[in-house]
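Letters A, B, C and D name the chains as they come in the text, with residue numbers starting at 1 for each one.
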Amino acid sequence: MDNVLIRFIERPVLENAVLIEGLPGVGNVGKLAAEHLAEELDFIKFAEIFSKFLPPQVMIGANDTIQLVKHDLFYRRGTEGVRDLVLLTGDYQGLTPEGQYELSHETVKLAREMGVNLIVTLGGYGVIKIVEEPGVLGAVTSVDMKPKLEDAGVIFRSGEPSSGIIGASGLLLGLGSLEGIPGICLMGETSGYFVDPRSARSVLRVLSTYLGFDVDYSSLEKKAAQIDEITSRIKENLEETETHERPDDLRYFG
Amino acid sequence: MDNVLIRFIERPVLENAVLIEGLPGVGNVGKLAAEHLAEELDFIKFAEIFSKFLPPQVMIGANDTIQLVKHDLFYRRGTEGVRDLVLLTGDYQGLTPEGQYELSHETVKLAREMGVNLIVTLGGYGVIKIVEEPGVLGAVTSVDMKPKLEDAGVIFRSGEPSSGIIGASGLLLGLGSLEGIPGICLMGETSGYFVDPRSARSVLRVLSTYLGFDVDYSSLEKKAAQIDEITSRIKENLEETETHERPDDLRYFG
Amino acid sequence: MDNVLIRFIERPVLENAVLIEGLPGVGNVGKLAAEHLAEELDFIKFAEIFSKFLPPQVMIGANDTIQLVKHDLFYRRGTEGVRDLVLLTGDYQGLTPEGQYELSHETVKLAREMGVNLIVTLGGYGVIKIVEEPGVLGAVTSVDMKPKLEDAGVIFRSGEPSSGIIGASGLLLGLGSLEGIPGICLMGETSGYFVDPRSARSVLRVLSTYLGFDVDYSSLEKKAAQIDEITSRIKENLEETETHERPDDLRYFG
Amino acid sequence: MDNVLIRFIERPVLENAVLIEGLPGVGNVGKLAAEHLAEELDFIKFAEIFSKFLPPQVMIGANDTIQLVKHDLFYRRGTEGVRDLVLLTGDYQGLTPEGQYELSHETVKLAREMGVNLIVTLGGYGVIKIVEEPGVLGAVTSVDMKPKLEDAGVIFRSGEPSSGIIGASGLLLGLGSLEGIPGICLMGETSGYFVDPRSARSVLRVLSTYLGFDVDYSSLEKKAAQIDEITSRIKENLEETETHERPDDLRYFG
């Protein structure tokens, strides 16, 4: 069986295109952002990627139909002032390190064949606290890309994340760079405790400024409000529990 | 060494055949059902599948002879109103995700070469409680297959199982579908605590109605009665223990 | 890099030969037996097997020299009434299931090329208690091999070990059988707590009767006496500890 | 994707060269030593090694640029009395046993092509206590290499380390030896608790004596002083804690 199997619905030929990646990860920030983009900007699905490095699993859709776990590829032809775009999202990341390399390698290969000459990967940056207005941290394949990104609102903190970038968001840039394709990673600050549509919005705001398109965020804001409600309810419950079980004079020992 | 090694006893040529899979899994429902079918409907074994993705292990048979762990393939030529059938069962599922893909890929390839044009996978659906009359949940590769299955007693619950279907029961359908072979998964409700012949019977009842054959369930019912006896004895012991060690007035803290 | 790399010192041509395997395992019974045989019957080393499926490690010998972990192959030409023998032992078993299959596959291939037509694998059978006179359990690839083995003192217990035989001792027989080479597994009863030279002696006694050679066991008995001394010292210490720390009237809670 | 991908900056042709390896490991002794050497002796980087057996990760440099995890290769042409040198260091060791074999195999192959005829691997030897003047333990591929090494201050302790040498420091010698390249492992004693620049200095002192070059150790000594300060501060804190929380008369229960 092939390591990676790409099934094309159509094979669009693009020019000067940007590949945007958003796969599952910390706070699901990248995946939320990519899916929002696909929907709001009317991207067209053109390929599905299957692989033995993804979980051996099928998903059940709303109509009880089975779908093998996969990555999805979308495109959107350029409009006034906006370049051709390719979008990658999916159910899972590769299961093993080797599998992650293989999947990213095939994606970079395909991107190059399609005319991609910039890769932007989207993800979350865990800060272990809840952030009201998440900032967007950046990393680049060459230093001359920084000023324009800083203009778009990207923050650069020397050497952060100190653990590097793990998974597809890192590998697509690392392997892309070996193939001569420059790249950017945009990481939205997120607690790491919940899926974080607010962080996804922050990332998309920066990205839209950088690439020159407009996005409506209302559906993402609705999701954010839902998560807020859940988290504040959990918080209340926790506080009640604390009040009942740990009176103030004993709090010192907590 | 080849990834997957198929040893043929004979190579039957079939027409319009159905592949039925029942490998080990939750409650061993699929394997119990497949083995019962093989015996009751006089299936003929035609091949064994060995693989380095199965455990590195031999089994010891009743006559002290060694047998490398394997999958077994059986067939049964069609009779009045019943299509040609192929049956897959075996000792283990593939050990790694990659191995599961390889094994299912080779099985689908073989099935297609043999004239299979429908795949039915059998399994258990863990509900974490004991069910007297297990229902049979279904999932399909295309929505038009549902009505006839509902007529046969299959239940469809939108988006369930929410975790998808893991292992051969999912992959054979997912990979089969990529090759143009439609498929059905039948999942018998089962506690998940014990092997469950009663759930296997439920699954077979639905399957036999759908495919139009008759099965005698007496040996499966005997197994179910044995399991019932064991579980009720365990339950009694647990209740006695509870009575002795946790008097009612302390139960609140349990 | 090749999966398995065989370096030959010489390439003996044998006839009607028996491959005897003793790699590390339960109680190290197989390895102890094989090493004892290699020494006592003046086997000649003819090949070393290296593999990326063995640990990524070198061993340090007595003269501070480095040796990559490996399997060793020895041979001994037949003498009056004794067939040509090949012996396999080594530092480790393959690290992964797939690696175990690859290593056993290459060994069977080599054995067949060399003229081997019987495989005997040696191992321990964990019984979780200390056995004074360890019996030797057998398993065979075909039932007609049993009578001669029973004459040599081998015990057959239907369906035991119930978990089958895991690792090279199983795979060499399972894969050998697929290639038409019959095989025998001899498992010496052993506690599973210590390396067990006494169980190795039991296994070799049966093997020597079956194959018609003589072995001196004195060095193996010396090792057994050393282990006995260690285990009885540990036992004494445990009993003392129990006496001191758990007086009889508290034993109920132990 | 290739298992191992070597990107050359230049392809120096060397003669009678020595490959020196220092990858991450116990106390990071090998990596510290190799990096110190690269800097102090003005080595020139000539290649980078990427591999799917390394972590699927990019590192973030000081200027916020991304770099795929890798191994780095340096060289230094021979000077009066000093042979041509090749230096290998990197971010990580291979993630899996198989990956470690593949990486070392490719490195040995490259080394041989470049004219390397001696391999020296550097590492730490964990002694689970803090050592003021770390000794340097040796292991060799042939016994005749020992006298000259003993003259340079290397200690040989028969059969140590008893667990062998794990990872690249072992494999490069084991695989090199199979290709006819002799090798030496130099292991600096180290606690195993901290990165240990002092142990790296010990290793380099022995190596420089053996190969006939001079090194300035001041930057390594500065790092050692920093580590000393950190460890002594931790030690003080621990002692204070002990004094406060475990008065002497209770120490018995500690």
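In this section, contacts are C-beta pairs under 8 Å (C-beta built on N, C-alpha and C of every residue); 3 or more make two chains touch, one makes a residue touch a chain.
Quick caveat: nothing in here was measured; it's all calculated off a predicted structure.
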**Least hop count linking chain B to chain D through chains in contact** = 2
**Request:** Compare the two sides of the chain B and chain C interface and say whether they are made mostly of the same residue numbers, over half shared, or of different ones.
**Result:** different
**Rounded Å distance, chain C centre to chain D centre (Cα mean)** = 37
**Item:** Distance between the centres, which are taken as Cα means, of chain C and chain A, whole angstrom
**Value:** 53
**Item:** Multi-chain contact residues (two or more partners), chain B
**Value:** none
**Message:** With touch defined as at the start, can you tell me which chain D residues reach chain C in the complex?
**Reply:** 94, 97-98, 100-102, 104-106, 138-143, 146, 156-162, 164-167, 170-171, 173-175, 177-178, 183, 185
**Contact footprint of chain C on chain B as seen in their complex** = 1, 5, 7, 50, 52-69, 95-96, 99
